[in-house]
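In what follows, structures are represented as structure tokens.
Same chain, two partners: chain A is paired with chain B first, then with chain C.
Right, the complex of A and B next:
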């Protein structure tokens, strides 16, 4: 029997079968969150770290995170890309403080231990002691072996200019991790073309990190919450759409082809967000030009569990990196890019369409807001449950978007891995 | 060198702009710009590295009007007050283009945000870098670039800086 009077159950269990009722405590418990870091971010999964174009030259580095662990992506002199944990093996300092830069080595300033760009320990001051008056003072013990004290190295996967890493060296190959279906949507954007970095946008969203995965596994909301999507038909229930998952149902692609928009009674009647007479004053905001590599769909939003979303919404492409910090907050880092063969017009078009996205975007600003409000609702009474039953209770792929199947699929996977 | 009358006009422009965006008078915000005027709000990391992406890149007065419509009608958000504290402008150049007087100026700004149930918090800190033209209707922005240090936006940014 559910005890509805108990707001903060002490040892809650997920009582129902299936994954269509998600307990609020799945978003509020710090112990569960730590287990998520262990099992989802640090073991058995590949996490996004960046684009190769962010470290184009030998010596370039970028500081980022895997889960909550600070890591550094470097390019060494042989052109290889390495990802190492940003924690000195001597006294545990997070020594790299710049977000990016160029360096010959990685140096911890405290006692000047230095590491090669691949993380190997190469310099320990006074390792053999200091000579004074014919006597050697101090020094490391004779059995100190620098080879044993390199920075923690992550396993690295590079595919067509994108870099993923894992603390788990037994993780399956990246291509198997994605599975053939999701890999094909990954390759649709990243087919080996040279990328051009356009820049970053960062926001701290006071909500559980899973809510952002869910937001991009939820095709039910965009045509309702987002006026620009409903009014201009960019993403709407009457669009031709498909929803696909990997075999584990952890990753997903939402595939949609833009409709004509306008007033189709069935999908816009009664919607506060639909603005029948709305037009844009500056048409460049919606100057959409079809690119050959899209194929038929005009938008594909791909969630790679647990750490990243790949956005292609018309001419705007980005990665969106989920960086959790506690059960109730995550940083969301957008890296917008283009392609080396973009015309100057396409370059400009991508920058203008970027106004729809990001922390101030005509479309995306709302997503951060609703995630904050969801978390507030969860925190005030974690004994309740969400109702994820649009389109049924199953977790199958779908030929339309009037369903929450992808969220259910993610929670079916989450329950298996988390043991809840 | 700028004469005192022009400097007074510049101070008045900055003060009026802040008063407009702090009083939720969104409809009047585009009126500070020329028809081909631009408004860009850019994280400092992109600006300093020469990366072109902005948080907002509104490329004309018409596009600025589109943002006003978004703020007023289409973007669901937690309502908040904002208040700008704008430093004394520093004039970088004064020149004539034909008979048009053009100034370049910059000023630091700090924006604090107060939500309905919250305490006041620092929301966005940065500087304006402006190109300003004297017109028959007073000084107007040819371009207003806001470069912000607060690269980590506290969730979302809705209203104009």
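Right, the complex of A and C next:
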């Protein structure tokens, strides 16, 4: 019988070597979550902000977050992209409330402080006071210098139409942050072709943000949890596959190639299916057409730690942005896109296949549920540990997908950075 | 020319040297400025934040808006800095027997 006092340990330590037994308290402690924001989202890492195609014209802006901090991505009149913190330097107001828009300036409505699109402070009402009967009343002190009070500016990295930002101006270059292996999978999707925005999906998932990184570092679950995948042949545990990480083991790519042949008929007949008699009513959902840029793999899911997932699952491509809001909740924002050189048929195909994903997707709806239920299990007894030992206890790359090595790799990195 | 519509808006003495006042031109607010005895007139509202130009600060021939420090040249109406993106309208001025006459539409 466990002692009841052990359910909520007051000063727990990660006692084991390695990273195959993750304490439940790693998902439930608010102090650790704040430290994650400091060390993973605000320092030493690049976080996803958006696609350049979301702000195509000068003056366009998009409001998003880095960690929990609200930021605005803008395009200024010279075509540059800026990312600034959405907090007025006067009285700290989170002033921008629109998700997207077009503006000549960034204006806080409280006292109308006006900032240029690059974040420079350009106007302070009554800075020189107010004239009345030949006398000037009030105004800012003589030593007030607007150049000292611009919005907090983030360092910005643009690569092939994707924008990342960091509050840490000493962060390593983006390409080094990804490392050569993960960069090659990034460039596989984003190879410089012009992107087309197809649309967004948003959901709030009541679970710790790391569970979403883990979900896409976990090739053990798709063929088991996602019966839609196994039923219709899009993901099976014996698919040819590879798992690769960067040198720090924080980022990863799950690379898989679906069964031989790949003809539509073969998939729909479902000879290997979980439920053999089940067929898809709308056959367009399985109208998969190979694209040259894929190379051999038919699906590559790339996790870029800590903030984003790049999805290529057959003809559906998207970014999935992790936006934490507390230790037990995060918003998950999907940006579906295509390419400017897509045929009308491919454009339609990407839209149809997007039905597999998002909060109500035939596949992804399952992930939101299991993350919520995992968090429920952690909260009721934080003294326990997960058992992440499929495929061993090591953190090496793998030539197959029957392993949880990527999750172990991520927690090895997490322990180093978090000091736990 | 008889088609020109010059309107008496103020006495010359009412416009303080090196400063600005607001007056009415056929019911529309405009700003008058005096620099070295010469009088200039612009639209009354800033093209940016719709502040009254007559509450601004005149330095030489530049008027600085009291709200966001946008500056216009009062001789030409030209917008000189950010956040301004649009020039301000100017009006022709004539001094006649101690009165400021402004050319209306």
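To be clear about the criterion, the second predicted complex is superposed on the first by the 401 of 420 C-alpha atoms of A that agree within 3 Å, B and C clash if a C-alpha of one lies under 4 Å from a C-alpha of the other, contacts with A are read in each partner's own complex, and residues count from 1 in each chain.
Operating definition for what follows: contacts are C-beta pairs under 8 Å (C-beta built on N, C-alpha and C of every residue); 3 or more make two chains touch, one makes a residue touch a chain.
Source: prediction; values computed, not measured.
When the shared chain is aligned, chain B comes close enough to touch A:355, but chain C does not. In the superposition on chain A, the chain among chain B and chain C reaching more residues of chain A is B. Once the two complexes are laid over each other on the shared chain, residue contacts for A:366 go to chain B alone; chain C is not touched. Using the contact criterion defined above for the overlaid structures, shared-chain residue A:124 touches chain C, although it does not reach chain B. Within the superposed three-chain model, A:101 lies out of touch with both chain B and chain C [touch as defined at top]. Look at A:206: by the touch rule set out above, it reaches chain B but stays clear of chain C.
By the touch criterion given at the top, residues 48-49, 51, 55, 57, 64-70, 81-83, 85 of chain C touch chain A in their complex. Listing the residues of chain A that touch chain C in their complex gives 104-105, 112, 114, 116, 122-128, 130-131, 146.
Residues 41, 43, 45-46, 49, 51-60, 62-63, 65-67, 69-70, 73-78, 151-158 of chain B are the ones touching chain A in the complex. Put simply, chain A touches chain B in their complex at residues 99-100, 197-206, 225, 227-228, 273, 275, 278, 280-282, 284-285, 331, 336, 351-352, 354-355, 358-360, 362, 365-366, 368-370, 372-373.
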